[in-house]
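Paired with chain B in one complex and with chain C in the other, chain A is shared by the two complexes that follow.
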Partner chain A sequence: MLSPGQRMLRALVAWMVVGIFFFPIYYWFTIAFRIDKEIFEIPPLLLDFTFSWQSFEEVFGITIGAKGGLEVVPGGGNYYMVPRLVDSIIVAVGSTALAVTVATLASYALSRMRIPGQHHFVFWILSTRMMPPVAVAIPMFFIYKNFGLLDSHLGIIIVHALMNLPLAVLLLKSFFDDIPQEIDEAALIDGASRFLIFRKIVMPMAIGGIAATAVLCFIFSWTEFLFVLTLTQTSLKTVPVVSTTFVTSTGTAWGKMAALGVTAMIPAFIFILLVQKNLVRGLTLGSLKQ
Partner chain B sequence: MKFNHNNRKRYLASVTDRYVKGQMDRRTFLRSAGKLGLGAGVLGLSATMPFGGRGGFINSAQALEIQPDADMMAWLKDAAKPFAGQTIKLATESTPPSNAINSALKPFFEEATGIKVEIEVLPLEQVLQKLTLDVASGLGTYDLYYIDQSWMASFSGDVIDPREKYEANSDLAMPNYNMDDFLPALVDGISMYDGIMVGVPYDIPIFITMYRKDIYDELGLKVPTTMEEYMANAVAIQEAKAPEIYGTTGQMKSGHYSLECDWTCWLWAHGGSIFGPDGKFTGNDDAGMAAMEYWIKLKENMPEGVTTWTWDGQGQSVLQGIAGQALSWGEFFPWWDGPDDSKVSGLMEAAVPPAPAAPLRTTDQTGYGEIPGVGHQGGSSLAVSKYSKHQDAAWLFAQWATSFDTQVYITALGGGTGPTRESVYDDPRIKANAKPGIPGTTRHLDVVRETIASHMGSEPDLPEWAELSNDTIPVELGRFWAGEYDSPKAAMDSIAKKVDGILKG
Partner chain C sequence: MTDVPTSVKPPLQRRFISDSAFPWLFPLLALLLVFAVYPFFYNIYLSVHEFVPRRRALEFVGSANWVKLFSDSRMWGALAVTLIYTGVCLLIQLVLGMLIALLLDSDDPGFGFLRGLLTLTLVIPPAVTAMIFLLLEDANFGVMTYYLQALGLLGSNPILANPSTALMGVMIADIWQWTPFMVLIFLAGLRALPPEPFESAVIDGASNWQVFRRLTLPMMSKVIAIAVLIRGIDLFRTFDYVYVMTSGGPGTATYTLSLYAWQQTFSFIKWGYGATLSLFSLIVILVIAHIYVGLTKLKW
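Up next is the complex of A and B:
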């Protein structure tokens, strides 16, 4: 039993940890809403800054508050980022769906079925994550050019799914391993097919694990830089790569970069909120052996 | 409604958009535009361009008054007929000319020619990576190359010589293009390698002296004409104003090309050179060591952060009012003079670089075509890829982008960047922008022009230079500033060993 003082101390430490994690995000938010002149103010303006939509207006091609409303102005220009946010969402959602679908099937098979050299096969899957991405980025460029996948959403969806597959397979396999095989066997005796068991019985039980895997795949795709940089040109760009557009020969447009960064947090945040209920269960699933 | 700069942009964007979408009739639109004092030229523009003014440091008020040369556009329309529908691609650094073209001017070319132009804007090092991959594969994924002067030799075998292209196909040779109008020093410095014209001179950032006139006046300082005076002014400002305002500033991030740019400036200014006539590294000789001593002393008058800054940090430091002077890229000047972003708007002045502390070496005393000069230039050229499948369309774009008319608009829109054509400096539209404290000022361009003509320094041209200047030298200089070497001599000897090793293969 903690004394009131100890409880107070615990709460204080907890809030300090929260503060340490939250402060950079808050500071980034303030940059997005400051006027350019105040971005590098010393000492930094944490609260008392001139609030401005200026950066968001340029990044989204909108005029906010000019006449008390929201007026859309035509897009265009280096800093107009709406299409790039759409690209990011398409790529992240597409690659997550593809990776999780394939990984769920593969990991169920690896969990329940036996193949010769299975242990080596699993290790081989793991070993593909050990290779630095830059080692495959350039060969991928040539392959993609030949297959017509260069500078396409499909190409990036595939490469991000490939990048996430090993992790997704291993993660999901551990979730499936934690579901007792006896459940499958009982269903088999009752005449259910393997696929029916997978679809109706095992998958619903592993939904938390699948959600957790999907979140990780989404975040990895959302933040991936190298493949998008190498395999795209002008048709699409995701947020991490297009953020470099703000770095110019005459300075970096920090306000605009922060506006895009702040906005880029929102889709990932929404995605995590959507799967949050299952995520908590998924992250703790298998933590206790029964 | 009071029209300050931002309100003006918003209001114009709003009325232009409504007019283009048919939500506002012509009369109302003209009346609305008239509130801002704009003439009928606005209307012609609004029908053809998707309101630019975004991206880079574009002067959007100017963007509304673009009226391209009618004869040139008519010729383009005719010459481009066989290529209508083609798409050409360019990867470029985010520079004032590229931003002006991408954000405001490109639609005029596309509408006249039917050629679609896709511009990929990236930081300089990523442009190099993209181009390297493109030429290594020979796939022609880009039709046009943005070639920094430090990469010229590396890509000289992968491009089409614009002079040959111009001569070989008269149907595609733009009338009055006038190759001779390009500043001769620039053609040598950023476009020529081993008798090949690698590309057309596209932009010219160059080191000039820029200083805070208010501080100079307050402290009774004179514009520095020698390196000693430049140092003395930095020390004087530092002693009087630090830590609020430092004597000078720098772009000294370890491993970044900007660090190499600063080093060459001080090296050349002390009578040194990167290479000797035998092709060996000479940055570690007596002149090289004098330069290092000067640089070390000068750094004592810079903000602590300079060793983490590229040109971005350096520019910001002056913009935020914490540095009293800089010998750096002239294209910063309009940014610093702009009223919206800058704390030093209207307070800056420009001058040609100080005279060197020791006689400059001649090209006979250096290697690989190196031309010592305190005004370090970082120009670039626009080249047509020999792997491109749309070479003719790309060539038309290259001519349009570097034509007199387009350069005038680039200079006006792009924040007063240095033009590469002689005639642009004299154009009345450019002269008209030579006012203090306005967006896109051109009041520094006379200094830029004189620096190009009389003080320009150009890096050597050799295929390995892209690697040496972007990696080997700045990495080792970064290690020196991080304290990993016992002395400047040890650092320079180490660089000499590495550079000579790479050149030996």
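Up next is the complex of A and C:
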């Protein structure tokens, strides 16, 4: 056992290490909330910067009046990003709904029924998780071009759902595997159909796991970069991709970029704290339970 | 069949109606078929063709793209960069992740909060992480540049514009974002260890290092194997950080296979060659991953 002094030392080191990891997030938040010219100060201002909503005002196309009233800027201005946030939400919600629906059905079958070659099938699903995104994005670009899905929300929703399917299937299977098979069998003997059992018994019991899966799918869609970069042109862009367009030949709009980044981070932070209990299971595709 | 009451169906028929897996799997199979199998074969089709700008059409070129691939020194360079990136990041994340996990494996007040705080890096879009580190490593006003120079650890060369430090500059972003991934997985493993063997080892007078080496590591082997597999795959596929931070530069110092394939396709309109490169990286990762899964006997 550790002595009180050792425990103090351990706590001190732990706070310092996590502090180092937290610093870039803290600094990015301060960039979003400071006036533009203080971004370029040398030595860098870590604590005593001038607080300002200016970057957020430009990103949301509003001005905050002296008395606290909000005024909407007509046309939104050059850095108006609300439509891009809406794009991100549509894509993340849509792809999550699609992936979770399809995966819930499939993983129930994989967990409960005898399927010939099941082991190989599960491993094949895992293999699709190994595909380099670029190996999917290149053919997808040409396929979407033929089907008119380029630059459409539906196209990105499908490809993000596809990207999340291996995770969703394997993770949900692990949650269904936790529910004793005997419950299904008892209901089957009583004459309930598989679908009724699924809907009325198994799904309610696995609802926590389904929610955790949905949160992870949402986050991976929310943060995805390469597919959106490749498969969209003008009519939609999600936050990660549009962030990089703040870099121009005349300089980088760090303040606005940080304000947009912070806006996008906050929902993700809240979501990830909600699923702490199932996070490791999710990150390891259902193979490790906490 | 009419004389059989509906509630007592023959076993075979009942099985067929209520227990067939096919309807359950159908949506998944349909999606995977259209959007995973078809693109795979489309990739193969593209890899034996090349876009001819003069005719604005794809032309069959046979194995020319594959011959070109194996004699392309930039491809071998990109493969080397990818393997270095994967290996170095994996090793650092593994060691650092284990050390921090051991550090945070405590029930003392505050440690739960610290573990929660550490998970936040995982949900930041990698492209935004790349931007954050672009700012921190900026040659003129970057915090990292400033303090590294103040400590005498960095010369006057900008980190990302210098071929000898650029790759490290990109890897720092990856290491920052994903070391907590390792920490969380290892922590889950550490917390699940049974206490008895450790108690008896302490009674027998084993040193901390002996306990770690002889008990903790072997008992954690499955956890470590899974973490290495998942992280290794993602490192090998890396694209966002290099694309945003350096676009492969300076020169070819930070070209990864994914970035090279992407640029060949979309910047240089070499559709056939780009598809060949992406297929090649797919084959490399699948072969390595399958050997690894076979060796470590991982099961899902």
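Here is the rule we go by: the second predicted complex is superposed on the first by the 239 of 290 C-alpha atoms of A that agree within 3 Å, B and C clash if a C-alpha of one lies under 4 Å from a C-alpha of the other, contacts with A are read in each partner's own complex, and residues count from 1 in each chain.
Assume contacts are C-beta pairs under 8 Å (C-beta built on N, C-alpha and C of every residue); 3 or more make two chains touch, one makes a residue touch a chain.
Bear in mind that the values here come from a model prediction, so they are computed numbers and not experimental data.
Undergrad: Taking the superposition as given, does A:Ile183 touch the first partner, chain B, the second, chain C, both, or neither?
TA: It touches nothing on chain B or chain C.
Undergrad: Looking at A:Val86, would you say it contacts chain B, chain C, both, or neither? Reply first, second, both or neither.
TA: The answer is neither, since A:Val86 touches no partner chain.
Undergrad: Which partner chains sit in contact with A:Phe123 here, chain B, chain C, both or neither? Use first/second/both/neither.
TA: second
Undergrad: For A:Met16 in the superposed arrangement: first (chain B), second (chain C), both or neither?
TA: neither
Undergrad: So in the superposed three-chain picture, is A:Ile115 touching just chain B, just chain C, both, or none of them (first/second/both/neither)?
TA: second
Undergrad: By residue count, is chain A touched more by chain B or by chain C?
TA: C
Undergrad: Examine A:Ile272 and indicate which partner it touches, taking first as chain B and second as chain C; both and neither are also allowed.
TA: After superposition on chain A, A:Ile272 lies in contact with chain C alone.
Undergrad: Answer with first, second, both or neither: which of chain B and chain C does A:Gln233 touch in the superposed model?
TA: After superposing on A, A:Gln233 lies in contact with chain B but is clear of chain C.
Undergrad: With the two complexes superposed on chain A, say which partner A:Phe142 touches: chain B (first), chain C (second), both, or neither.
TA: both
Undergrad: Check whether A:Phe40 is in contact with chain B, with chain C, with both or with neither, and answer first, second, both or neither.
TA: both
Undergrad: Could you pull out which residues of chain A sit against chain B in one structure and against chain C in the other?
TA: 40-42, 138, 141-142, 229-230, 244, 252
Undergrad: Using the touch rule from the top, collect the residues of chain A that touch chain B in their complex.
TA: 36-37, 40-42, 54, 57-58, 61, 63, 66-67, 71-80, 138, 141-142, 145, 150, 229-230, 233-235, 244-252
Undergrad: Residue numbers of chain B touching chain A in their complex, please.
TA: 6-7, 10-11, 13-14, 16-17, 20, 50-58, 89, 91, 93-96, 99, 102-104, 118-124, 126, 129-130, 133, 137, 139, 141-142, 205, 311-312, 315-316, 319-320, 322, 329, 331-332, 335, 340-343, 415
Undergrad: Which chain C residues qualify as touching chain A in the complex?
TA: 7, 18-21, 24-25, 27-28, 31-32, 35-36, 38-40, 42-43, 46, 100, 103-104, 106, 108, 110-111, 114, 116-129, 131-136, 140-143, 146, 176, 179-181, 184-185, 187-189, 191-192, 223, 226-227, 230, 233, 236-237, 239-240, 243-244, 257-258, 261-262, 265-266, 271, 274-275, 278-279, 281-282, 285-286, 289, 293, 298, 300
Undergrad: Can you name the residues of chain A that touch chain C in the complex?
TA: Per the stated touch rule, the residues are 7, 10-11, 13-15, 17-18, 21-22, 24-25, 27-28, 31, 39-44, 46, 101-103, 105-106, 108-110, 113-115, 122-123, 125-143, 158-159, 161-162, 165, 169-170, 188, 191, 193-194, 219, 222-226, 229-230, 239-241, 243-244, 252, 254, 257, 261, 264-265, 268-269, 271-273, 276, 279-280, 283-288, 290.
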